[in-house]
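First up is the structure itself, then whatever we jot down about it.
As written, the chain order gives the labels A, B and C, with residue 1 at the start of each chain.
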Amino acid sequence: MTDLLQQLINGLALGSIYALIALGYTMVYGVLRFINFAHGDVFMLGAFAGYYLAEPVAKVIPPQTYLGGIVVLLLAMLICALLGVVIEFLAYRPLRKRPKLTVLITAIGVSLFIEYTCQHEKVFGASPRKFPDLIPNTTWELGGLVVGSAQVIVLVTTILLMIALTLIVQRTKIGTAMRAVAFNPQAAALMGVNVNHVISFTFGLGSALAAAGGILFAMNYASIDPLMGVQTGLKAFVAAVLGGIGNLPGAALGGLLLGVVETFAGGMKGISNYRDAIAFGILILILMFKPSGLLGKQQTEKV
Amino acid sequence: MSAPLLKLDQVTIRFGGLTAVSALDFQVNDHDLVGLIGPNGAGKTTVFNLITGVYQPTEGTIAFAGQPTAKRKPHQLTKVGIARTFQNIRLFHSLNVFDNVRAAMQVHRTHGVRQALWRGKAYRAAEKEVEDRVMDLLEIFKLGRLRNEDAKNLPYGDQRRLEIVRALATQPKLLLLDEPAAGMNPTEKAELAGLIRSIKDRFQIAVLLVEHDMQLVMNLCERITVLDYGVKIAEGTPTEIKRHPKVIEAYLGEEQIA
Amino acid sequence: MIPGAKRWLVVAIVLIAIVSAFSKQFNSYYLGIAIDVGINIILAVSLNLIMGHTGQFSLGHAGFMAVGSYTAASFTIACTKHVPESAAPFLLVGGLILGGLLAALCGLAVGVPTLRLRGDYLAIVTLGFGEIIRVVFQNMEAVGAASGLSGIPNYTNFFWSWTTAAIAAYAVAALVNSTYGRGFIAVHDDEIAASAMGINPTRYKVTAFVVGAFFAGVAGALYAHHKQTINPTGFDFMKSFEIVVMVILGGMGRTVGVIIAAILLTILPEMLRPVAEYRMIIYSLLIIVIMMARPQGLFTLRSSKGANT
């Protein structure tokens, strides 16, 4: 029982990170109807931003304090938000009216560009690096359960960010505009919504969440490298599709579900080697029965 | 007399809470030219989608040539002889005029993957025959000289005609035309009326016409069924329909009945 | 006299045989690249059937290639000791067919459940299938698991690579350019209209997947007997993406364009060898630039495909 609970906690921590990244995929899909393949790389850049920020921040705020960690997290989110906006502006905006396939291929191109540039020795280099301790490294034991401070931070941060996101989307003017654009971009534009601003904002918001995911991931797994966003990004995307792409609660649900299932599968003998295939296995199964994902709306083509 | 070509018996379809078509009884006989009219949103196109198997009725049955059509896919129904055009022209936009019609000859081709790969003598003879049939059809509708044009580059009226040709290529017993006169000017409409009549005579088929343009339907059809909010409100000859109080009421304020 | 399109196939094979007879004169480095080109043509042309003609966006083509690769390699490794040297071509052809058939079976397995899906959903699911296939090989001890399979006999030569490429190109072109084959494009353009014309979209999509997967498997088999060592990472998402790029740059659904793109994109990385460390950066930038400048493909003049695919 303790074992199961332990696995559940580990799974939820991993799932929270998937969920944070999945939210970005789903938001961008909501307003632009395309898969931003480079999103996983923004997640990676978030982790690296944290890596390089740790030292300068430590000069002002003592290292390994919660305050220092939060400052690094917020700064990295800000940097990646800007990056996301820039990527959209340079690579995707010129293709706004083009077929979806063109944009998708471009997105994969952008993703490869970021990955290979970062692997170059003059940038980050290909070898993995140890991520510095941003927060006090403590573990608590509760009746046999072992919970690390990083795990607690992951869960707490994810919950806070999701609340913040919900407030932004539901309560603010720009959030309303986002929903309007997702519903019908032409109509939104006619109603005076500046669609370009909304799209930029969506990219910024999604990228900030991915950056948070990157830092939280790095805190938990201690090692970062330029290709860390490939598998994790792909799985987060699977999570978004699982939940029903374009649907925010769906992305969160899909992420948590995937994290938990993966962690449990990883603990099982015989299946653990197939861990990386499990995400896709579940995806295929669910889409066969619910082609629009768990919480997605069924769409029928008008004849 | 044998069974009617098409028979709808108490057909109802609901989408969520909305009843789009309600308890519709309706039939088309061999070589009929029947019109289905009604104000916007009356459920006319939905009836087409029910007949062609795009939708399955929630209640009631549809029979074609005496056989129930339930559970059959659109392409299977095309094979037994139901062809249609679309209200919002749906040509194959990356194929040229000739190939649009050729693609619709699937029902009657005699070869498959193996023959297409080997390209033997029989295959070539069969392909020649298909080509001749396509050209014959195109010539009848005066589209022969446009055979190599991309379908999407044709003028609007030609696109509508090509859709009809394509539907005829499947060699139907029943042709469903979904607002074929939409967007046409009076001259084009008059031509279209002549065309529909000649199709019916030449190919010996039944035609079911959904149309918005009253004058066209009144002049063309032998029998007319009127739908309003998914319910059949009248049925009869054009003269009967014109005088029918419910029809007048349904159309009041929308347009004058010719 | 052999009529029609088949004549060109025969002419091509004769030409390839002649060139192949002199292949010993060539620098082995260039010969190796020429063989790669042939293999990539098969991959691109077969994906073109699925993606270009039938409009089913697939990001898992390398998975089918892996199946063919491993199947054929295991087959020849098992047989090569028991037969004389001179039987090598027969073993290779046997391996190609076996690899192709097994890959086609996988194509069927992928095609049937994914048919209801469209666009992005289909892309991610095919990607998923490709990844699953890769992970399975990664865990299969019998074929070397993560370290891969080595000691595969070097049976693939210029003749086999290019002859198979010619056959693949012929097969896809012949298939699509028939009354039957216009159905693929009809499904691509408008599924609902296609089914109203008596075309069974499901049937066509599955056929495209099966035929495409068959040739991908054949290409994989050639690849295994060319490189002599294969491992699961060689068949990852990146490989699938490279094939997708060939099809898109060639202009979806245009056989000749796709072949040219396959040739260019095989040679390009070799030309970038002097700047090896920037090679992939340049490659990815090129993709972005081309997508912005010529999304319809590099060689497409008209904006649609007619009978002359």
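Convention: a contact is a pair of C-beta atoms (placed from the backbone, for glycine too) under 8 Å apart; a residue touches a chain by one contact, two chains touch by 3 or more.
Only a predicted model underlies this, so the values are computations on that prediction, with no experimental measurement involved.
When chain centres are taken as C-alpha averages, the shortest distance to the whole-protein C-alpha average belongs to C. Each chain's centre was taken as the mean of its CA atoms, and the one lying most distant from chain A is B. One simple way to say how far apart two chains are is to compare their mean CA positions; for chain A and chain B this gives 50 Å.
Rounded to whole angstrom, the centroid-to-centroid distance between chain A and chain C, based on C-alpha atoms, equals 33 Å.
Computed from the mean C-alpha positions, the centre of chain B lies at a distance of 41 Å from the centre of chain C. For chain B, residues touching at least two other chains, in rising order: 54, 86. Multi-chain contact residues, meaning those touching two or more other chains, occur in chain A at positions 303. In chain C, the residues that reach two or more other chains under the touch definition are 192. The touching residues of chain C, counted against chain A in their complex, run 57, 113-114, 116-117, 119-121, 123-125, 127-129, 131-132, 135-136, 138-139, 192, 237, 241, 244-245, 248, 277-278, 280-281, 283-285, 287-288, 291-292, 295. The touching residues of chain A, counted against chain C in their complex, run 29, 34-35, 91, 94-95, 98-106, 108-110, 112-113, 116-117, 120-121, 234, 237-238, 241, 245, 273-274, 276-277, 279-281, 283-284, 287-288, 291, 301, 303.
Against chain C, the residues of chain B that register as touching in their complex are 52, 54, 73-76, 78-79, 83-84, 86, 90-96, 98-99, 102-107, 109, 111-113, 115-117, 119, 123-124, 127, 130, 148, 150, 152, 166-167, 169-170. Contact residues on chain C toward chain B in their complex (touch as defined above): 3-6, 171, 174-175, 178-183, 185-186, 188-190, 192-201, 207, 211, 253, 304-307.
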